[in-house]
Amino acid sequence: MAELLQFISSGLTVGAIYALVALGFTLIYKASDIINFAQGEFVMLGGMTTVFMALAGVPLPFAALIAVVATTAVGLALHRFAVEPARGASPVALIMITIGASIFLRGVAQIVFDRRFHSLPPLFAAEPIQFGGAAILPQSLVVLGSATVIVVLLWLFIDRTLLGKAVLATAANRLAARLIGIDTRRIVDFSFAVSAAIGAVAGILITPIALTSYDAGTLLALKGFAAAMLGGIGSAAGAVVGGLLIGMFEAFAAGYLSSNYKDAVAFLIILVVLIVIPQGLFGRAKIERV
Amino acid sequence: MRLLPAIAIAAILVILPYFFPSAYYYRIGALVFIFALAVVGLNLLMGFAGQVSLGHAGFLGIGAYSVVIGPVYFGLPSWLSLFAGAALSGVIAFLVGRPILRLKGHYLAVATLGFGLLVAIVLTNEAGWTGGPDGLSVPRLTLFGWQVRGSNAWYWITGATLVAGFVLALNLMSSPTGRALQAIHDSEIAALVLGVDVARKKLTVFTISAVYASVAGSYLALFNGHVTPDVAGFLRSIELVAMVVLGGMGSIVGSLVGAAVLVVLPQALTIFHEYEQAMLGLIVMVFMIFLRRGIVPSLAAAFAGWRK
Amino acid sequence: MKALQRFTATAAVGLLALLGAGHQASAQIKVGAVLSVSGPASFLGDPEKKTLEIYVAEINAKGGVNGQKLQLVIYDDAGSADNARTFATRLVEEDKIVAMVGGSTTGATLAMIPVFEDAKIPFISLAGAIQIVEPVRKWVFKTPHTDKMACEKIFGDLKSRKLTTIALISGTDAFGKSMRDQCVAVAPKAGINIAVEESYGPRDSDMTPQLTNIRNKPGVQAVVNPGFGQGPAIVTRNYRQLGMTQPLYQSHGVASKQFIDLAGPAAEGVRLPAAALLIAEKLPSSDPQKSVVVNYSRTYQQKSGQAVSTFGGHAYDGLMILVEAMKRAKSADKAKVRDEIERTKGYVGTGGIVNMSPTDHMGLDLSAFRMLEIKGGDWTLVPGT
């Protein structure tokens, strides 16, 4: 029993990390149909900037704030200078731009920061919480909690605010949105900025558990993307559920099957789920127009 | 006339070595041809049929490891292992493609991503067969009793295979299957309505692209003399997709251009030392923003516009 | 049209850059290095690059070797063996190097060996696996301790503490896997029984399931963690998180004080085999390695601003062995230098005292490894090792 609880605890820890990253994909996709492969780099920038600001002597809360602001600016710049000029290009070309951006950001990060691993102190205590023979880090609960809070905030935003409705309108039909007076460029600006901020916050909260380095973004983006698709791209709750599920699959595979193949098991399950439910768990089936 | 691109490429291939100061350039040329071969296959899938694959390096890996496992564990000659690998890739593509190709867009991307990762994980873990993360040495290719050594020899072998691959692809594209694929790309539903067996055509092109990638992977392993699991890795898959998109989706010639850019560029960018990765990312972004349909289609359009 | 103009401009710059790269300097001894500076093995390649750059500059400032300056040509293979092979060809054909110090990973090294053997250029590898020098290849040498030695050292320490049943938890990266294989091979002869094995991906963030399985296996007296990079730090943290009390052994892949910083208080009591470099300042002054390691340690820390790493130390040893060989040969002739490298005797390096021979192209023995224990947030030497 104790080991089952520990596997669940590990699954929640890792899953919450994936969930936070996956959330970052949601808003940009909602507003513009783009999968932003630089999302992992936003997470990395949040963590690394905080670490280096702190090393430079800035008190931790301010370092975190600076990191979030800086990353948001990077997200905005990504849209304005890289994505926006290519508006109207095919989806694959846009994805390639974000891939180019992620390579660029990684390349800059190794020079501005360094190539080593870094950590941050956890938000609350470092002592693990014991329950039923298993131990979970308080920081894992913080990550889980923030994912939930962000989902709720996103839902409130999309459902209850005018700006949120404008985002939905932009995604549904860009031309129509512009015709009714929505500044679609500002909307997509906004979605990039908020996704970057979510990514930065994710990075700051994840680093105490998973450490960070200039290339931490790649694997996180991979898993986050898979999680977002599993949950159904465009659904914030789906992103969180997808992330938690992948974390659970990995932990249980490592615990009960083979630790060598835990990633393989997780991806196999994703494949099976997608084959059975082609639009993901909470995704809306896409209506194809001829 | 339709084979003009292939003839032009063959001509360039023959003339180019006159400009090569050393064996290093032959090596770069051979690498470009190897990747171009894989990219032609992927282009058929992505550019013509409009299906995205983020795991194509998996087939590269199957081809690469088959020319090690065949000779080392089964005593098969290398060329036979190459064919065996291609056949294996085709079969796996057929089996995996049937359920996966029902997915659309980003979901297909994740599914293919998962496939590529699975292949890489198996290659890394089954060290008894594959030598694990450090990989294995590949026995050299012997053709008609002559051991193939040196970048020069490989330049010609890979070049010839590429031209053959071009011809096959060009023929495919102007055949009824090719037209069906273009119809599927433009609108799957309309193609279905017209009576195109969409599922079967998609599976066909997926299998063909897998075979192309497998042959390229086998060449890569034989040429390098050593193979490691990251030949099937995620970054390799992204590299292949980048070559397709950069060169021009749906342009067979673009496949060669895309491969050339992404093989030569990292070599050229070494002068930037620390900044080479940043420069690479910047150049990819710039290319995609200004030549968003890919190099060859954009240049062709610009040329046509200029002529008017 | 604008797109065409911009593209032409970009292409022109690119072409010029490529042509410009071919420009060569003359009358310098060209030494090549293909390192994994970025990518999954940057933990190895980054300190190696810094070390080579620092010391080539120092050597040149003191007048060079045999009156000629050294020119270092470094390429970054980003952890890919394919890239390494291409850069190796480039070094031989284009840059025309006379010697090579590099190959951060075993995969890259194995991929490059044929190039240097064919070109008859001495190649000092910085990678760990024993296959690099066994069987002995004429032109290939290496400076790091083999992973087999690390296992033997750990097992020796286990035996002295009367611990014979252990668990292995290793990274699935090349470093972890290679060392795990060696440990499994060496265990029976050393009288060690491996009761259970687990593994983790090098970038994983939580290893508690694997450690839970280890904890549940009865009779496990100690745990050994072959791996490098961030993995061991997380394993160590998780170890304490689960309240496991058996002795934990890390590997030499942990390599620098940063491990202690990252693992935090959980690192208390962890033991690992390491080169004397990590405890440079604490060595008794009678220790033959003391002056070399203290010197390197201080120079590296001062010039790079980072804590010293044993991987950087391997690069230092490689460079110095090469330079000493060139001085003894009184030339940069490849064959002569190779012969002199093979004749290296009594070279005091950061990794140990090197004695090469025609049948031993590494030159270190088990005494080159010290057993360290982490106490009070710092390294200490386990007495009697």
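Per-chain numbering from 1; labels A, B and C assigned in written order.
Basically, contacts are C-beta pairs under 8 Å (C-beta built on N, C-alpha and C of every residue); 3 or more make two chains touch, one makes a residue touch a chain.
Here the structure is a predicted model, which is why all the values come from computation and not from measurement.
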{"item": "Maximum centroid distance from subunit A, chain identifier (CA atoms)", "value": "C"}
{"item": "Pair with more cross-chain C-beta pairs in contact, given A-B and A-C", "value": "A-B"}
{"item": "Cα-centroid distance, subunit A relative to subunit C, in whole angstrom", "value": "34"}
{"item": "CA centroid of subunit A to CA centroid of subunit B, Å", "value": "31"}
{"item": "For subunit B, residues contacting two or more additional chains", "value": "125, 276-277, 283, 287"}
{"item": "Residues within subunit C bordering two or more other chains", "value": "38, 172"}
{"item": "Residue numbers of subunit A (touch at least two other chains)", "value": "110, 260, 263"}
{"item": "Sites on subunit A touched by subunit C in the complex", "value": "3, 6-7, 9-10, 13-14, 17, 110, 114-119, 126, 128, 135, 137, 206, 209-211, 213, 215-216, 219, 251-252, 254-255, 259-260, 262-263"}
{"item": "Subunit C to subunit B touching residues, read off their complex", "value": "1-4, 6-7, 10, 14, 17-18, 20-21, 38, 74-76, 78-83, 85-86, 89-90, 92-94, 105-107, 110-111, 114, 129, 131, 172-174, 177-178, 181"}
{"item": "Sites on subunit B touched by subunit C in the complex", "value": "22-24, 27-28, 31, 124-125, 127, 132-135, 137, 151, 220, 224-226, 228, 230-231, 264-271, 273, 276-277, 283, 286-287, 290-291, 295, 298-299, 302-303, 305-306"}
{"item": "In the complex, subunit B residues that touch subunit A", "value": "46, 52, 99-100, 102-107, 109-111, 113-115, 117-118, 121-122, 125, 187-190, 193, 234-235, 238, 241-242, 245-246, 249, 274-285, 287-289, 292-293"}
{"item": "In the complex, subunit C residues that touch subunit A", "value": "37-40, 42-43, 46, 172, 198-201, 203-206, 208-210, 212-213, 216, 229-230, 233-234, 241-243, 258, 261-262, 264, 306"}
